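Naming follows writing order (A, B, C and D), and every chain is counted from residue 1.
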Amino acid sequence: MRKCSLDNLQKVFALIAENASLYLPVDKVGGAVFEKWQEGTSYSNALNTVRSAKDFFFPQTENMMEFKTKGKEIEVVDTRDEHEDFVVFGVRACDVKSFEILDRVFLCEPVDSFYANRRAHGVIISMACTRPSETCFCQTFGIDAANPGADISCWKTDSEIFFEANTEKGEKLLSSIAALTEDTDEAAVEAQKAKIAEIMKKLPLAGITPDKFGGGKTSEFFNAPQWKELSQSCLGCGTCTFVCPTCQCYDIRDFKTNDGVIRFRCWDSCMYSDFTKMAHGNIRNSQLERFRQRFMHKLVYYPENNEGIFGCVGCGRCLAKCPISMNIVKVMKSLGGEA
Amino acid sequence: MQVNGEYKPLIVAFCCNWCSYAGADLAGNNRLAYPENVKIIKVPCSCRVNPMFILRAFQRGADGVIICGCHPGDCHYTSGNYYTRRRMSLLFSMLNFLGIEKERTRVEWVSAAEGAKFAATMNEFTEAVAALGENKRLEDLRCKR
Amino acid sequence: MQKITADMLIEKAVSLLEAGTISRVLGWKKGEFDYDVTPYVFADAESLKKDFVFDDFCGANFSKYLVAETRKAEGKVLVFLKPCDTYSFNQLLTEHRFDREAVYAVGIPCEGMADINKIKEITGDGISSLTSKGDKIVVDTIYDGEKEVDFASVLAERCVSCKSKKHVAYDELMGDEGDITDSARFDEVAQLEAMTEDERFAFWQSQLSKCIRCNACRDICPACTCEKCVFENPESPVENKAISDSFEEKMFHIIRAFHVAGRCTDCGECSRVCPQNIPLHLLNRKFIKDINSFYGEYQAGAEVGSRAPLVDYTTEDIEPGEAVMKGEGENA
Amino acid sequence: MMNNEALIPKVGVITDVRIDTPDVKTFRVVTPDGKKAFDHRPGQCAMLSIPAVGEAMFSITSSPTNTEYMEFSIKKCGCVTEWLHQAEVGQQITIRGPYGNPFPVDDVFEGKDLLFIAGGIGLAPLRSVINYCRHYRDRYGKIDIVYGSRSKDDLVDYKEIIDEWMNDDGINVHLTIDREQEGWDGHVGFVPSYVQELGFDTNKTAVLCGPPIMIKFTLEGLVNMGFDKTNVYTTMELKMKCGVGKCGRCNIGSKYVCKDGPVFRCDQIDELPDEY
C-alpha cells in the first residue's frame, strides 16, 4: 500500500495526466460531474456524481459508422479508431461494480468492440465512501463501500490519501506515480474501514435484502398485483434509466449529414412508450408493463442470466432523481411484502 | 458557408406563396440583383413556418433565416400573418435570449408589387449576416463534416 | 392562520368518501424518507390513514394527473390543490383536457415547499428524519445529529418567487384564502437579458449541455398533454433521443418551451424534476415576460376559457424586429 | 484490439424482386461481387438496412442449401419495408447476420414426420426449413404443410408451392383461404380449424408461424388433439435493434428473442412471461 499527503494530490494528478487523460469528479452548479483534469481543477468532496460513470465506456451518444451513398450504391465506412488512454479517478464502489454488470452484457459474445475498446484503454481508480447518503444501499447487493476495488482502490483521510493496486493496470499506474507516494502500513485504512462498517449499519436502508428476488422468480412476481399501484404515477420519463449506472439499453439510429449518413447509437429507455413499438403493434402498451420490465430485468431476468448477480448496485441515484420518487427500493419492499 | 474558400452567408428565406414569392419573382423579372446564396423556400402562408423549420435551417448550415409574408392586413387567408407576427416575435426574442445573434433572424412583409423591396431586403439582410460571420451557435457539427 | 395538516386533509377525504361525493383521492403517499412522497390514488379510508402525508415536501402538481385519472373509473376524484396548482387546473379545463364534473377540488393554502437539495447543502447527506417546527425544520442526520434550518432558507426556488397564494379554482376551500403576490419572479430573466449575447450564450450553453434528454421536464409538465408528442413521432425528423454536438438539446428545449408558450402557468415543475438541475423555468418565464410586455399582462390559467396569446392577435401587434429589441430590454 | 464488429454491416445488392402478393415481395440479395453474404441455418434472421431509413430484422426465406444467394420475403408494413418495396434491382442495401437460433433440423427433426403450419407471411421463415428438408429428403419422414391466407392472391410463393412442393413425393400440401373466392376450388376457412379438420397424427413434430392470433389458436388446437408442446416449434418476432442480445429491446423474461430465439419450442414459450 502506498500513500501521499493530500497536499501532493494535485501533483499526482499532474503526473497521471502526463500520460493519459485524467477524469475526476468536479463540483458544478447542480452537482458533481466527471471532468477532464487540468491545472487547477480540484477534486470534489461530493459523495457521488449526478450522472453515473457508465458514460466512460458506454457514452450516451456514440457514432458507430458512416455510409456514403451514390445513386443505388452504398459504401460502409468503418469509423472506429483506437480510443485514447484515460484514467478515471474517484469512482465509488457502486459504480465500480456497475462496470462488471455492463461487462457481462457488452463483453459476452459477440463482443461489443466499441465498449471493449474504451474498457481496454481505461484505468479506474476508485475511492472509498466515508459519508454515504441515506439513499445508499450498495450493501444490499454485497458491495463494500470501504473496499471499492477496480484497478486501484483509494482511501482518503483528512490529511492523506492511500492507494492499493488491484490489477496489473493498477500496478503500472501506481508505479508511475511512485515518486510522489511512499510505502505505508494499513493501520489508517483499516481504521477507516472499521468506521465505514459502523456507518453502513446505521444507514436507513441497511435492512433491505434482495433475497426474495433472483433468477427463476418470473412467475412469482410477473403478475403481482403490486405493479399496478407501483407504476400508477410513473411519468414514463427516462430519468431513472439515464442516471442508472447499469441500464444499458440502446437505440441505433441514422442521422443524415449534409453529405452522408451517420449511424449512431444512443441510450434508450424501456420506460419509453416507443421502446418496443413495431410497425404492427407494441408488446408493452401500458406504463405498467414498461415499468415492470425495468424492475423485473434488474431483479429477476438479469440475475437469471448472470449467476445470481443483480442488475442494481444500490447507488441511490434513482431514489434522489425520480420526479415522483418511485424507485427500486420501494419496488423491492412492496413486492417483498414489506410495505 | 464557404464557397471557394471564401465565406458567403447562406440565407434561407421562407416566402409566402401569395405575396413575397411573387415579390421575388418580380425582382427577377425587373433584373434586380440579390445574392445567389439566398435560398427561397415557398410556403403557402408565412404562418406555415413552424419554429422547427427555422431551427432545422440553422442546423443544416443556414447563417441567417428570414421570413417574408404579405403585409399585415393583406393575408390571403385573412389572418395568417398576424399569427406569424406573434410567433416570430416570441421565437426570435427567445433565440436572442439564448445568445443567438438577433441579426440572424428577421421577418419582413413584402407584397407582390414590391420586387425592389424584396431585392433590397435580401441585400441588406445578407450584408448584416455576413458581418456576423458563420453561424456557430445553432450549428450541428455532424452536418459540417 | 391555521396550518393545514395531513390529519385535516385525511379527515376531509374520509368524510367525502363516506358521503359518496367522491370515489377516490389523489394525494401524496409517504415515502422511504421524510421527503420522497409519491403521487398516489387512495381508494379507501384505511389506506389514507396509513399512507397519506402532507408536509413541506408535497410539491407535486396534481393537475396533469387528472387527465388520465378522470378517464379511469366512475365517480369523482378528490384532488387537493395548492394555489399554484389551481392555475394548471384551469388551463387544462380551458383546453378541455378533463371533465370538470369528474373532479372534486379542494383548495389548500400553501406557505411554500422545501427543497431537499437546499437542505442537504446546509446539513450534508445522511438525513434520517425531517420534522417541521414552526418556521424551522429539524433535520436529524446520521453523522451530526440534529440540526435546525430556517424554512425560509430552504424554500424551493419556485416558491421563493411564488406568483399567487390565491386559488383560482376549487369546489371547497380549506383554511384561509391568500392573495396574488407581487413576486420578483422575472428578476432572473431580466438579469440574463441585461447580459451581452455572448454571456447569455455561454450561460445557456453550459446549462443545456447538461441535458440528458430524459424528457422528465416534458412528462411532468401540466401544459404538455398532447396524446402524441412531436418528439415521439417517428415520421418527424426531430424524434431523436440522442444528445448530439449540442444542437439537439437546444432544439428540444426551445421547442418544448415554445409549445407551451402562452399556456404555461409558471408552476415550476420542469425545473423541480430536472435531474441535471437545469433552470428550465427561465425559458418558460422568458416567454411569459415577453408576452406580458408585448401583448399586455396575461396569466395562463387565471380564468377558464381565456384565449391564449399565441392563438390570438391584434392588428396593432408589435413587429418582430422591435419585439426582439424590447425583449432584450433595450427599449423597455 | 479492434476486431470484427457485429453491428457493422456488409453491403448487399438486390438482384431480383419478385412480386408475390399485393403486399409481399421477395428480394434476392447477394454481395456486390455476386456471392452469398454469409452462411446461415434454417430459421435464422438477418438485419437489413437502408441508410437514413432504418434497420430491421427479417427471416431468411431461402434455404441454406442455396449457396448462391439469399432471399427475403417481405411484407409492406413499416418504413423500412415500404422503402424496400419501392427498391429496384441493383439497389444496394446493408446486411448483417446471421442472427438467432435455427430450427433443430439436424438433430430433433431427423427421422421425424414433420407438420408445417403457416399463415400469411408466416410462410417466409418456414420456406427455408421446408426447402432444407426437401433437399435432404431422406433424413425426414412424411411432410405435411398446411398453409392459409386471406385470399388466393395473398398466398406467398404460390408458384413454388404448386409447381414444386405439390409434386414432391411424400409431401402433402393443404391450402386454405379465409373466404370464398372465384377461381378457388380448394378449402375455405381459417388455419386453426382446418388443422382440426385434417386431424394429424400426434407423433409429428409441428412447426408454426403466422400472426400471433393464429399461432395462439392453432397451438391450442394441437394441444387438444394430443400434441405435446415439446414437439411444437414456432418462431417469434419482436422489435430488434442490435440483433446480438445487448440493446435490450427484444427482451422477454430472461430471454432475448434475437439471441435465444427467434425459434422457440412451445413449452419454452410457456415459461416466458405472457407479453407476446
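Just so we're on the same page, contacts are C-beta pairs under 8 Å (C-beta built on N, C-alpha and C of every residue); 3 or more make two chains touch, one makes a residue touch a chain.
Treat the numbers as computed from the prediction; the structure is a model and nothing was measured.
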Chain occupying the most central position, where position means C-alpha average: A
Where chain B and chain C are represented by their mean Cα positions, the distance between them in whole Å: 36
Approximate Å spacing (C-alpha centroids) for the pair chain C, chain D: 51
Distance between the centres, which are taken as Cα means, of chain D and chain A, whole angstrom: 39
Junction residues of chain C, two or more chains touched: 234, 244
Multi-partner residues of chain B (at least 2 other chains): 142
For chain D, residues contacting two or more additional chains: 79
Pairs of chains found to touch, sorted by chain label: A-B, A-C, A-D, B-C
Chain A to chain D touching residues, read off their complex: 64-65, 67, 69, 72-76, 78, 80-82, 105-106, 108, 110-114, 116-117, 120, 215, 218-219, 222, 248-252, 254-256, 261, 263, 265, 268, 270, 275-280, 283-284, 289, 293, 296-297, 300-302, 304-305
Contacting residues of chain A [partner chain B, same complex]: 255, 257-259, 262
Complex interface listing, chain A residues touching chain C: 29-31, 33, 47, 50-51, 60-61, 131-135, 199, 202-205, 229, 232-233, 235-239, 241-243, 251, 253, 255, 264, 266-269, 272-274, 319, 321, 323-327, 329-330, 333
Chain A contact footprint on chain C (complex, rising order): 31-33, 36-41, 60, 65, 124-128, 142-143, 210, 212-216, 218-220, 232, 234, 240-244, 272-273, 275-278
Parts of chain B lying in touch with chain C, wherever the complex brings them together: 51-52, 55-56, 59, 72-73, 79, 82-83, 85-102, 105-107, 137-142
